[in-house]
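Below are two complexes that have chain A in common, paired first with chain B and then with chain C.
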Partner chain A sequence: MSVVTVQLGQCGNQVAHELLDVVWSDAQKKPSRAASCERFFHHNTHGELVARAVLIDMEPKVINQSLSRAAKCGRWRYGEDSHFSQKQGSGNNWANGYCVHGPRHRDVVEELVRREVERCDRLAGLLAMMSVAGGTGSGVGAYVTQCLRDIYPTSFILNHLTWPYRTGEVIVQNYNSVLTLAHLYQLSDAILVHENDTAHRICSQLLNIKHISFSDVNKVIAHQLGSVLQPALTADSHGVYSRNPLGIDWQVRPPAGSGRSTSLTGSSFNTSLANLLILRGKDVYSAETGGFEDPALYTSWLSSKEAFSLWKSPVSFNKYEKSATLVSNSQALLSPLDDMVGKAWNMFASRAYIHQYMKYGISEEDFLDSFTSLEQVISSYRQLC
Partner chain B sequence: MTQSVVVQVGQCGNQVGCRFWDLALREHAHVNKKGLYDEALSSFFRNVDSRKSAGGACGVGGRIQHLKARAVLVDMEEGVVKEILQGPLREVFDSAQLLTDVSGSGNNWAVGHMTYGSAYREQIVDKLRKAAEHCDCLQCFFLIHSMGGGTGSGLGTSVLSLLEEEFPDVCRIVTSIYPSAEDDVITSPYNSILAMRELTEHADCVLPVENQSLVDIVNKIKIMSHSAKPGSVIKRDSTVISGQGGLSGPEKPFDAMNNIVANLLLNITSSARFEGSLNMDLNEIAMNLVPFPRLHYLVPSLTPLYTLADVSVPTRRLDQMFSDAFSKDHQLIRADPKHSLYLACALMVRGNVQVSDLRRNIERLRPSLPFVSWNQEGWKTSLCSVPPVGHSHSLLALANNTCVKPTFMELRERFTKLYRKKAHLHHYLHVEGMEQSFFSEAIDSLSSLIEEYHQLDATKARLIPDAPRLSIAT
Partner chain C sequence: MQRAKVSGSVEVKQVIGALCRLLAAAGVDPVPVPENFRRAKFGGGAEEDQFWQLLGSILQKTAVVSSEVDLQLRGASENRKFVAAGLWQTGYHADWMYERQGGHAEGGRSFSSRDLLLALGWLLAAGTLEKLLTQRVQQLDKTLLTPVPVNLHLSSELQFDSASLRRLQWLIGRLRHQGRILLSMLQEQTRLLHAVFSASLSSAASSSCGQSSVVLKEDLVCVQQLCDLLEAYLSWRQVEDVFWTWMDSVVDCHLTGPVIKRPTHAQSGSPGVCHHGTWGLDKPDDMLLGLPVDTHTSTPTQEGPRRGRGDVKDRGGGEKGRAGPPFVSSLPSVPFLSQVFRARLQAERPVRQPRAEDLHSSTEAPELKASQAVQLLLHAEALLLERRDRQRLANRTQLQEMIGSLDELVLIPP
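Moving on to the complex of A and B:
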């Protein structure tokens, strides 16, 4: 089953590129090669491996770099006409992305996605990759997700979001994030989140990289995402590779956290709604995973049997002899989300920068709606016990 | 890729502009080894092949034939522009891009704004339109002028209004050279205040530069180059102080100072022209740094100002660059941001600098910088991989900080000293279209601007509680 990747904005395009690299290199010399290649790539008439991806940005530099880097690597490439860019970016302005660029280029983008979707024998779903801090990934990304939801109402849409460093990359990042999350809430089937801060810490503390670049950060994100999306056996697939990596049975809509481990400190754990553990490599079948089924981890109205899923693959991932990935729908993201909404609200209280958004058609009402929607999410998560 | 058009008005504007074009050419020559007309070049230059028909404009990708600056040069005296046309930059400008007159504005804002503003309106609009038409996607107008004189100040601000009227969607970034207290133009306070009102109302961002700061910086560099430590050498041809390696010949008096301002413009546009891991377009500057429409005065601070021969810079030196950007010595206006209030701050880094260096320095410097309560982490950052000529990396900090308030207050005082005595007022009131109300409205505009900054400053002392959040019925 195939996944069509929609890469939006600078971050979306940079991270997606790393993901495709990870998937490709992991797939080499593996029995599952055909399965994972077919998931993200197809062969063109010249026998080359071409990504099932659509690249979208409102300015050309990043896409151009990506296209040429892929073409030069000689391993896989992007489709000739699978990209769309404009000349002038969105200026870090969500409203510019959502109200101006999105509608203006709707037809072209839909056409590009349609072509990729029609090329798939069986569509597992759509993977939209973007950041929430800027203008294009966030604003155009939210608009495009809306369009995709309209055109493919029964398809699975997974949004992969990169959250910015808490101490600034973009000053209006909290506004852009709040607007994006509130909109995606209504549209997406699942939201997978990576925080730049966390990936950065992994680089410095676990990987011991001295001079960390965005490339390093993106590779960490791609590695984790790849470990989720590569083929694996689910409990009921009986020895056949589960072909649908996105068929995670989320019981509720809210944002899912992803990470090597949740912050398990002392006796208080973040309460989970659902956990997915993916084991790859040696000794998967003898691994003891009982600890993950501890009822204390889960909310009282779900049994751990319902909430916990385990996928296994004896095939190792990305040269790690053994690896485990935990995808968690829990309170782990509550604190960053609350922080983000709090900061945005403080800024909104003084109406700073609002005139920049209103210029393009977003009103104070729209802001208030978004805040309300996210406060409800925060409240729901907070009440889990 | 977007294009920008530079509009240089008056003697100062044109001299600074001249340094800018010289340095821009040198920067691109340094990076563009193959002689191809690429996207980066096209942001400021057209490529013209005179053998081709229809004006000979060449698209991106071909070889460089003739580079023409995307600029409009305006001056009411001929001297400066004539000199440019006789100098090595003459090939870069088309006669159609120039507008000159002979008599000058007599250091009188009203003459520049009213008299010439209306007389030359049609022609100016025409030249701007032509420049805009040559652009695929015009993103920004850079206006360069001085505030103290007549042409740059008066006609310059008239052009600013024109830009807003005719091209409302194009960003307007204005570089304004403010006069020092000892300026030899007696009426410079009048001209400056009259111009300030226009800037407050019609510009998207203003980069105020004080002549005195430039003088201080140049002197500092001279001291450093004379007392250089053994083993260290100031690269003589660094873009900072000299035009060496550029097209111009021996230095003229204001060249060193003008070079600094030209560098400011180069660095602001670097991330839009060249690639990097975190790009920053020009429209992102206004978006991130202007929280309220009128508070758009950004304090620029540039480092390094000199370079030592040792090019492989260990981490400590890199951190020093960040510290320097927040020291008063590197600012282009005299102000004290650390004891005022930051509304927002942008760090535009060029060269071999990674995101970890950026984060480490922000964390290090953050505690000593007072930010407004609703923007405690208000940093906008960009990383451009192409460093400036002669340096391995550089940093431009743009701060929206209430420290501009004392500068404006001082300007207001100088104005009031003259206005109280009605000194020289008749020169202005004699000009057709000029009335006394212009003066009172201009000073009112400045006073209310100062008051807005003052309100924000007042929040600094108080502990502002977080705004109460929306409560959800459970």
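Moving on to the complex of A and C:
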């Protein structure tokens, strides 16, 4: 069962590359190697390992870098024709990506994805990776997700989003984020969110990196994502590594945040809709996880048995002897989301930069619709008790 | 005309053949041959047992009535009781089911394999075929998952607060998710089956995997049976309409008579028979039939299923004389009519033998009497209709008065 990775925009391509690196290196010398390799790679006629990935960007620089880097490392590579790029970029404009580039290049992109999907023995799902701040990842990403949803209505689509720094350098990043999230909410099966701020904090405080580059941040993100997507023993896998990577039990489609925690702190926990705890490494079977089953953590209309899932794997991940990943669908993302929507609204109230969007085909109505739907999400999460 | 009839009957035979194949594939045993269906339409006696057994088998398989005794071991009369009970459970109420003695009519009422054919038609119309099919598929297809009972925690009173709604949304999402997972599991299973199959094909020469090939052969047999079953069902569905048209003709046969009557042991035509037949009838029927009945009614035939009686009543205006002598004579219609009528029937009584010629002769030779009977019947019919309308009007006014006396109730007439 295979996952086709759709890498969109600069950030999407970079993070995905790191992810594939992590997956590959972790899979070596492991009993689950076959399963995890088959998930993300396939063997071509020369016996080389080729990633099941489609690279899309509106400018060529990042894609070329990715392609050459992968080819050079000699471990795995991208398919020769699995990429698509243009020359001019999207100018950090969501409308440009969604209304212009997306429809214009729809057929090419769909064809690329179709080729990868047909190469899969069994398609488990599609993993779309993008950022929400820019123009290509967010705008083209939203459009491509919509197309994929139409073509593959029964497949899982997991969107991995990278949220920008709150004090980021793209002035319209909040507009782009709001528009992307509002559209993806209707289309995606699961939205997995990483914040640059959080990853940055991990780099500086936990990893003690002095000069943090995007590459470090991307590596952290890839590590966390990899620990979710590598094979694990779920409750009903009966000791065999499940070939289905996306049995994640997210029902309502909200954004999910991820963070690392092996210890519980007091009662400062946000209410969760669902939590997925993944333990890898030594002593997983003796780990005490009762704290996660505390009903106080979850909303009143779900029992902790329904809301909490635990995956284990005695195989260590990415050279960490023990690791734990918590994928949480909770109010934890409420404040960043609220913050982002608030800032976007302030800008919209004074119609700042709106003309840039309207000239590509987005109307004020579309903005208002996006705001409305995100406000509904925020209020739903706020009312979780 | 002749050729059309012949081709029509050939088609019917093929259609019934499709039905028989389907029943056999669904595990029903024994299934009569198509020819016996045709004979049963005309009320033959020899096929009766086969149809009793067929009905018994169907009812047993669909577990309408539970029986500890297997079909083969059940005695004939026990089987009849079983079938009657089963049919009643499915909502079929025919008069022959209410007889005290197993299967045989009292008071000259006749019964034939046609009644059983009608009962079979009822079962088919009630969806029994689909039930049989589902059961058989579940038996054969080992890859089907038994549905896991999901504990929904839904309280008996629906609460419309936000928590319940959220939970409902969550449940919907979860169901969708589980559906997708099942789909992917099914695909995975297909892939594995294919791998196993191709592996076994390639090692067909070597007998080392003899054990696994036995299992594979069993599975193949099951799959083959499944395919046959589904094919039979498809071919049945394509020709089903023809069958129902033919069944229509069976019903017509049944209602018009002449039914070949069983030799009954006593000519005690008791009014009790009439009342038996009034079970479950509507009020107007009851009132009509509850009116004082003449004592000695020789009622050779009761209409079989209740719906037949209803049909007859409704058709009373449109068609002629379909009701048949017995129906009218059991009613307190115009006195002079019954007298004359009774005379006619008494004349016909000795003719009650299963010989087609006799029946013909009763209508042929004294033509005058026949036409007279027709006249009288029409007249009686008119009187009855008038009486019925009067009764209906009386009912309606009575109902309106009743409703009028009740507060806060408005009668909306149909």
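In the analysis below, the second predicted complex is superposed on the first by the 378 of 385 C-alpha atoms of A that agree within 3 Å, B and C clash if a C-alpha of one lies under 4 Å from a C-alpha of the other, contacts with A are read in each partner's own complex, and residues count from 1 in each chain.
Keep this in mind: contacts are C-beta pairs under 8 Å (C-beta built on N, C-alpha and C of every residue); 3 or more make two chains touch, one makes a residue touch a chain.
As the structure is a prediction and not an experimental result, all values here were calculated from the model.
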### Task
Could you tell me whether chain B and chain C fit or clash when both sit on chain A in the superposition?
fit
### Query
Does chain B (first) or chain C (second) touch A:154, or do both, or does neither?
second
### Task
Scan A:282 for contacts with chain B and chain C and give back first, second, both or neither.
neither
### Query
Once the shared chain is lined up, is A:1 touching chain B (first), chain C (second), both, or neither of them?
second
### Message
Touch test for A:114: chain B only (first), chain C only (second), both, or neither?
### Response
neither
#### Entry: Partner contacting more residues of chain A (chain B vs chain C)
B
### Query
In the superposed arrangement, which partner chain does A:383 touch: chain B (first), chain C (second), both, or neither?
both
### Task
Please work out whether A:106 is in contact with chain B alone, chain C alone, both, or neither, and reply first, second, both or neither.
neither
### Query
So, A:91: does it touch chain B (first), chain C (second), both, or neither?
first
### Summary
For chain B against chain C after superposition, the smallest C-alpha distance in Å amounts to 9
### Task
Would you mind listing the overlap between the chain B footprint and the chain C footprint on chain A?
383
### Sites on chain A touched by chain B in the complex
10, 14, 59-62, 65, 87-89, 91-93, 135, 165-172, 200, 203-204, 209-215, 217, 341-343, 345-350, 352-353, 355-356, 371-372, 375-376, 379, 383
### Summary
Residue set of chain C touching chain A in the complex reads 162-164, 166-167, 169-170, 173-174, 177, 180-181, 183-185, 187-188, 191
### Query
In the complex of these two chains, what residues of chain A are touching chain C?
1, 121-122, 124, 154, 156, 243-244, 247, 249-253, 273, 299-302, 383
### Query
Can you list the residues on chain B that touch chain A in the complex?
1-2, 39, 136-137, 139, 275, 277-279, 281, 283-284, 286-293, 343-344, 354-357, 359, 362-363, 366, 373-381, 383, 466-467, 469-472, 474
